[in-house]
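Structures follow.
In the two assemblies presented below, subunit A is common to both, partnered first by subunit B and then by subunit C.
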Partner chain A sequence: MQAANPTPPGFRLFRYAAPAEFYRLAGRVVPFVAAAAALLGAAGLYIGFFVAPTDAQQGEAYRIMFVHVPAAWMGMFIYVVMAAWAALGLIFNTRMSAIMASALAPTGALMAFLALWTGALWGRPAWGTYWDWDARMTSTLILLFLYMGFMALHGAIDDPRRADRAAGVLAIVGVVNVPIIYFSVQWWNTLHQGSSISLGRAPTIAAPMLAAMLVMMLAFWAYCIAAALTRARAIVLERERNAEWVRSLADTAP
Partner chain B sequence: MSWGSWQAFWAMGGYGGYVWGAYATVALVVLGEAMFVRARLARARRNAAGTRKRRP
Partner chain C sequence: MTGALIAIVRRDLLLAFRQRGDIIQVLMFFVIVVTMVPLGVGPELRVLRTIGAGTVWVAALLASIVSLARLFSQDHADGTLEQMLLSGQPASIIVIGKVLAHWLVTGAPLTVAAIPIAVMFDLGFGPGCALVAALALGTPALSLVGAIGAALTLGLRGGGVLVTLLVLPLTVPVLVFGAGAVDAVAGGLSPAPNLLLLAGISLGSAALAPWAIAAALRISLE
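== the complex of A and B ==
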């Protein structure tokens, strides 16, 4: 942080590719993102339960949507981001890329699990069944297994750099599943309904319902960023524990 | 949206079990993960302090 060794402006961004710089920057960002997640979550719940009206067809059961849709979106999106970091790590052999992929996997797995769990609890009152082997549910279950496979493979290999490469390949191959999930409701005639919102088409739900879902979506975004960045910071310390800058952390405030 | 009473709110029009079952699981998972990642970071930081102390 001293001005003694000035960096040319064009190279500033690359500094954050170094684990030590990432650790400091993420440490400053996380409290704000976590606070945003809490505030947006509270606002989204308020709109979802006290502003949004009762659904004409599904009664109050539809309110599960406000957590189901964001969880399902984050489950898919985090997978794509994880695979992108894994690919960057494989191509450029940068340390932070693989750490980011590892940090995202558990959060993505939890989001996929929540999508399936809340979907089951919504499916029962809406369709009369908790589970069906339809295209969207099955491909979302495969998404959960891909996350678990990534974590299991990474954990099974002792050398972290080799584990990064092996799990990275798995992540990249598995990304083909994400468009299958997304388009499954169009490609197959499934039990799962089509999207309530999509680009280039007017939403098919009432404005307060849409507002609640979008605010909850932002809350899930903020939460996932905070959780993944915190986990990435922990992984940085675990992997770099013999580096001088990690040792000197003990002398400074968090 | 006016619920009339807290009882009506918790009942969710007869779907209380489904709605609150979904929201309780989300809350449990989110708060649980937040707690675990914070604990993991704190442990990593303590270990970093430990390596410092062991050095002469």
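== the complex of A and C ==
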């Protein structure tokens, strides 16, 4: 009676690995996520700028933290997600996984860059210097270089399938290295202030500040998901431009 | 398996010694880059002593990356590499053989060449020994990590610049611990933690990198 079951369990999971299915699903999801990013971003900035109290030591300048910290977290986190997609792409040989990895790279690079830029702007009033060769700043800079290397390698190979796989190997090598790089740079020099939020102990910042930070964190999450999915849809269209379903898409669209 | 390993190391060393100029070019590159630094920052020995270790390490990084171009490209161009991977021997063994040969003709000579340079930068006996030991322990990791980059960029246009872009960020730990060992001795501390970490990185890359190199070669040869 095996034949009575037309959909084996694994079938649904891989259904969205087909670019056409992914394109439709992502097209439906993106508007909601993008709207969530805009609403959460507006709410987070409002709480951060108007509700959260002025910091006793750093005055108003600390408010840049509400952009800086989420950007820094996303910059690191996206690299891990990107490497995970790349690994899935290499293991299962699914086209969509590699497309997701290459769609995430520019967003991750943007986040790392944003963390460095806002960090420089924050460092000037807080430490009296735009740049200091401390562990976290330096390792974020190296993370940005890793993103750039991934994109450069992907861009240098003409055949998209080979580019996906080569860049995937590089992403996995990079993700193994990131903790070692972080540790070594920390060994080398440390001056950065301790984390403002940690899971192990009670947060040391005021409740509205924490609220603003968490809302901004969610806003950054939503933005990154929306941006990556939109980019992935564009890559799908470009790669599948000769496929029947993309042609029919062009015919029906005004 | 050991037979294949020895055969590959022998073949690559033989090829390298038949083209001795290539080995000497890499050494010259290293020495010239190091010579440029005092000309840029001035001849004060006090300054040179503090930047000596870092300078030697950066030059060694660049020299070993520059030499990567030859690691696979000749064998790729004449089809030997493809035949090696088709030979039925494990790809990781072939890769280990090639990287070992590469280290013997670049990393090892660089380590020896660092001795006169340590004297020229007036590092002193203790820090000089630490520098040589650090280079001996760290350059294998440079060859291994560099080989991943060389395999990924095999046959690409502009491969030389691209491989630098890919490999340099990954070599940060080697640079940090390598220069750190020398600074530790100069500051009156033991270089052991730095040297042990360097050895650990080299051993870790020896265990993991061959798979990445083999996978990258397969992708590049498709």
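The rule is short, and it goes like this: the second predicted complex is superposed on the first by the 228 of 254 C-alpha atoms of A that agree within 3 Å, B and C clash if a C-alpha of one lies under 4 Å from a C-alpha of the other, contacts with A are read in each partner's own complex, and residues count from 1 in each chain.
We take it that a contact is a pair of C-beta atoms (placed from the backbone, for glycine too) under 8 Å apart; a residue touches a chain by one contact, two chains touch by 3 or more.
All values reported here derive from a predicted model rather than from experimental measurement.
> One more residue to check, A:R124. First (subunit B), second (subunit C), both or neither?
first
> Give one of first, second, both or neither to describe whether A:N177 is in contact with subunit B, with subunit C, with both, or with none.
In the superposition, A:N177 touches subunit C alone.
> Where does A:M148 make contact in the superposed view: on subunit B (first), on subunit C (second), on both, or on neither?
Only subunit C is touched by A:M148; subunit B is not.
> Report for A:A52: first if it touches subunit B alone, second if subunit C alone, otherwise both or neither.
In the superposition, A:A52 touches subunit B alone.
> More residues of subunit A in touch with subunit C or with subunit B?
Answer, by number of touched residues of subunit A: B.
> Could you look at A:V81 and tell me whether it touches subunit B, subunit C, both or neither (first, second, both, neither)?
So A:V81 meets neither subunit B nor subunit C here.
> Could you tell me which stretches of subunit A are touched by subunit B in one complex and by subunit C in the other?
none
> Which part of subunit B faces subunit A closely enough to touch in the complex?
Touch list, subunit B to subunit A: 1, 3, 9, 12-15, 18-19, 21-23, 25-26, 29-30, 33-34, 37-38, 40-41, 43-45, 47-49, 51-53, 55.
> Which part of subunit A faces subunit B closely enough to touch in the complex?
Its residues touching subunit B are 34, 49-54, 59-61, 63-64, 67-68, 71, 106-107, 110, 113-114, 117-118, 121-122, 124-125, 223, 226-227, 230-231, 233-234, 237-238, 241-242, 246-251, 254.
> Write out the stretch or stretches of subunit A touching subunit C in their complex.
Subunit A residues touching subunit C: 90, 142, 145-146, 148-149, 152-153, 156-157, 162, 165-166, 169-170, 172-174, 176-177, 180-181, 183-185, 187-188.
> Please name which positions on subunit C make contact with subunit A in the complex.
Against subunit A, the touching part of subunit C is residues 145, 148, 152-153, 156-158, 162, 165-166, 168-170, 172-173, 176-177, 180, 197, 201, 208, 212, 215-216, 219-220, 222.
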